[in-house]
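Order of writing sets the chain letters: A, B, C and D. Residues in each chain are counted from 1.
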Amino acid sequence: IAGLAAFEAILAEDSRIEPRDWMPEAYRKTLVRQISQHAHSEIIGMQPEANWISRAPSLKRKAILMAKVQDEAGHGLYLYSAAETLGTPRTKLTEDLIAGKARYSSIFNYPTRSWADVGAIGWLVDGAAICNQVPLCRASYGPYGRAMVRICKEESFHQRQGFEILLELSQGTPAQKQMAQDAVNRWYAPALMMFGPPDDDSPNSKQSMAWNIKRFSNDELRQRFVGMMVEQVKVLGLTLPDDQIRFDEETGKWQHGSLDWNEFKEVLAGRGACNSQRLERRREAHQDGAWVREAAAAYALREQRVEVA
Amino acid sequence: IAGLAAFEAILAEDSRIEPRDWMPEAYRKTLVRQISQHAHSEIIGMQPEANWISRAPSLKRKAILMAKVQDEAGHGLYLYSAAETLGTPRTKLTEDLIAGKARYSSIFNYPTRSWADVGAIGWLVDGAAICNQVPLCRASYGPYGRAMVRICKEESFHQRQGFEILLELSQGTPAQKQMAQDAVNRWYAPALMMFGPPDDDSPNSKQSMAWNIKRFSNDELRQRFVGMMVEQVKVLGLTLPDDQIRFDEETGKWQHGSLDWNEFKEVLAGRGACNSQRLERRREAHQDGAWVREAAAAYALREQRVEVA
Amino acid sequence: SPDIAEYALRLGDDGLILAQRLGWWISRAPELEEDVALGNIALDQLGHARSFLSYAAAAFQRADGSAQTEDDLAYWRGEEEFRCVQLVEQPNGDFARTIARQLVISVYQFELYQRLQNSSDPTLAAIAAKAVKEVDYHRDHASQWVLRLALGTAESRRRMIDGLKLTWPYLEELFDQDELFDRLGDAAVEPSSLRENFDAFISALLAEAELEVPELPRASGGGRRGEHSEHLGYLLAEMQVLARQHPGASW
Amino acid sequence: SPDIAEYALRLGDDGLILAQRLGWWISRAPELEEDVALGNIALDQLGHARSFLSYAAAAFQRADGSAQTEDDLAYWRGEEEFRCVQLVEQPNGDFARTIARQLVISVYQFELYQRLQNSSDPTLAAIAAKAVKEVDYHRDHASQWVLRLALGTAESRRRMIDGLKLTWPYLEELFDQDELFDRLGDAAVEPSSLRENFDAFISALLAEAELEVPELPRASGGGRRGEHSEHLGYLLAEMQVLARQHPGASW
């Protein structure tokens, strides 16, 4: 068997599609879009945290933060590689990003106003990312699933570090505790919105689930996440800025207050605090680095010639 | 009468040579060198003080410092204009400066390590400059002498401001007083060396005096300066780092301890703390501004055409 | 009143942070004439800031009960206590980006001070009356450079366009209203009331420069509520470092 | 001993300030692989710095008599108390300038740590033994890039030459001796003893890159005595700002 039948057979037994396997164009396109968005998010996501590398308040925290932001560059690399196995080169994806044509996770358009934001990003944003990503380790496309395994391992490490930052702050001076609470207040709702629009407003989810890319619905993942945070925030000695969180015994699920999807759409439309800044910074790094990449390419060519000669 | 005879007649009656007057080539060359060195010193001299504009510790001091550094740009402009009357355009002088071919006052190769250095530069460096420059207001070359009149007025204002900075510090906290004393210790000897090598090691001085450009010898001016500082430092409640200063009743002049001319020559030879940095910064500003100057020139040309048409 | 003080803080912080940005150019401008010109503008802005901040400071008390000073406000507030718009926090970039920022802020300030001269608060009116003359020059300086850069060379035109693009997302925040203006009445100038003249000036100038008015999404803003861009923290760290190393010292 | 602590401070400050400079590149490098590579190097340098500073800190006491920590040294010393060479304070500039600085410091550190492994002080020897392996990679990274940039394109060659020129004035300071080394004897490595190998490596590499060794006057230096370039103050203002806003806090 070959073609569509083979593809469907692989999905049916919940096995992996590999780069050389036949796949429907729509599947390929969906994956390229999703994987590259994820890669872009890693790259743009370096910026809000890099904002505190030079000012990290202890050498230990500075080292941890540097390593974390550097890991994100690594994640970007894995993911661009996975996308390349689908036939779209990194240069093309990068061009789309800096031209403002590609999406990345909207959460990185919020600014990191204080050191505690580094903690809140680790705890809430990486936490939400993990909830989203753990099921992706079983995504039907092999290179993507395997990249996610590696990424998830590192992300859960990052999340613990974020939690530790907040814990240290909440047990610190009143000013530190206030800083932590303030950061949690600001990052909570945007983190919940990372799971995407409510299920009844998420048109593409169904196809992705049929293709074994997506495994749970947006709302399911979001509820699961809220449940985890509710427990952890107690350990932190902080509160979540949502007084409507409750466990629904009947459905066995966590409920939360309504989210301001209007704000979400505003940020998505480019009207967040940092959209323009993030893209500009990426563009600048890319353009400033052009002569270096050209030099490396020219040198590699030269070396090749020397070897041949 | 014309030519050399006229030139000598003007000098004999201690009157001014003007741009259209005949003058010996050597006189012209000496003046261009001296005036452009002076202009370059104003421009490079902006840097050590500009180093504290963003960190000035009160808004009043910030405003005074901004105005001062800006005045120096203005002095540079007058002096380049004076040099241009002798036939050498500003662009040529600037090129020589950024190519490292032109000299500027060696004192600006020292770093400003603390806020008190801004005070010490005003008090000692501008003080020495004034001693040097007041006689230049009577320099035989008209445009130079007139530029110096304007500059000296502003410089004496700057010197008073420098004195006030040090006075405020010396009357402040122990840390502030220490900062002031430390700055005076570092700037005293370099300021004394601004008057140039000792008379017996200053070959060009004699000709400059014959041409009514220079009016007093290096040592004469230096001694006069030491005498002034000795009085002022008492008001400051600080000390000069020279225990050999004394008034010689016989000669009626102030004596001071010996100076480390070796260090002076080192800095002159490029081995000061900031030689490379100062030149690089000027070069960078000049090169980064090239496209702006080109745009302004292109626009001026375009406007001219429009007017003609 | 606290409302007047809050308003004075906003205007003062705009001037202070802008002056801090512009001061960087002194000793680094494309030509000596611009070291002088940008230095002048920075000095004017700092001057306005000092007037507004001194006025605001009188409404705030120190721990010992005495009135605060301009320096208490400039050097001892935290980032979230600053009230400037995010526009003035934006980096200098190249000369074109600085000019684009100057264009927007000076056209705005000109309209604002023009009207604030008639404020029912005599101190604000007096500061504005002095400032408007200076800002008129700033507006002219920026306008002339927009024309030169836009119509000069291909390179300068490209940079001018980029500069405008980088600046435009921070423009809308200037016109954001909040309830402070309801309370202040005739003492203040409602930002929305400046919009028409602002747009007219900008459109005419950009038309003359053969440039299009950029259409870009606004940044969310929030500087007036203490929500700043990521740039302000760095700027303040540098501006305040020396003063904070010597608490209680005078300079 | 205080002499050992002083020596550890010097080496620790070199690493700390260099790491602070390199950390800027993370999220701004010419390609993602370099975000990772420069991040690694920054992390290594920070790691060495933490080892040296923790060792030095044990010799210094806090006001309450307890021993200081690496953070006391990193965040609470004034500029004149830092002991790094001026080379590591120099701005990143473009990628070529950063690579030129990396070349000089990593070749130097490699020779230094290589010998310091045999220090009579076991702690210094152990830190050096770990560090030398990492610095070997830093040296290789810099060398590869010098070749690529020097032999890549005309533009990259021009920039590489400029980068070396900007770096060279700060090279001699690395080899300055002072009386500390007389007192430390076999515990330390005399900088002058590294010169021969250093020069040999640099000459060979620059020859391969078809570049000339710049001949430029040295800057006067003095970092080991606390006499720093004008750049360090800004770097410290940023690095220390948050820690100093919260005296006594832990993070």
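Throughout what follows, a contact is a pair of C-beta atoms (placed from the backbone, for glycine too) under 8 Å apart; a residue touches a chain by one contact, two chains touch by 3 or more.
On a predicted model such as this, the values are computed, not experimentally measured, just so you know.
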Touching both subunit B and subunit D (chains): C
Maximum centroid distance from subunit D, chain identifier (CA atoms): C
Centre-to-centre distance between subunit D and subunit C (centres being mean Cα positions), rounded to whole Å: 40
Whole-Å separation of chain centres (CA-atom averages), subunit A against subunit D: 34
Distance from subunit B to subunit A - Cα centre to Cα centre, in angstrom: 58
Shared-contact residues (touching 2 or more other chains) in subunit D: 233, 237-238, 241
Residue numbers of subunit A (touch at least two other chains): 55
Chain-level touch network, classified as line, ring, star, complete or other: other
Every chain pair in contact, whichever chains are involved: A-C, A-D, B-C, B-D, C-D
Subunit D partner contacts - residues on subunit C that touch it in the complex: 78, 233-234, 237-238, 241, 244-245
Complex contact set, residues of subunit C against subunit A: 79-80, 166, 169, 216-222, 227-230, 233, 237
Touch list for subunit D against partner subunit A, complex: 16, 19-20, 23-24, 26-36, 39-40, 42-43, 46-47, 49-50, 53, 70-71, 74-75, 94-95, 147-149, 151-153, 155-156, 159, 238-239, 241-243, 246, 248-251
Contact footprint of subunit C on subunit B as seen in their complex: 43, 46-47, 50, 53-63, 66-67, 69-70, 73-74, 76-77, 80, 115, 165, 168-169, 172-173, 175-176, 281, 284-285, 288-299, 302
Interfacial residue positions of subunit A with respect to subunit C in the complex: 48, 51, 55, 111-113, 266-267, 269-277, 280
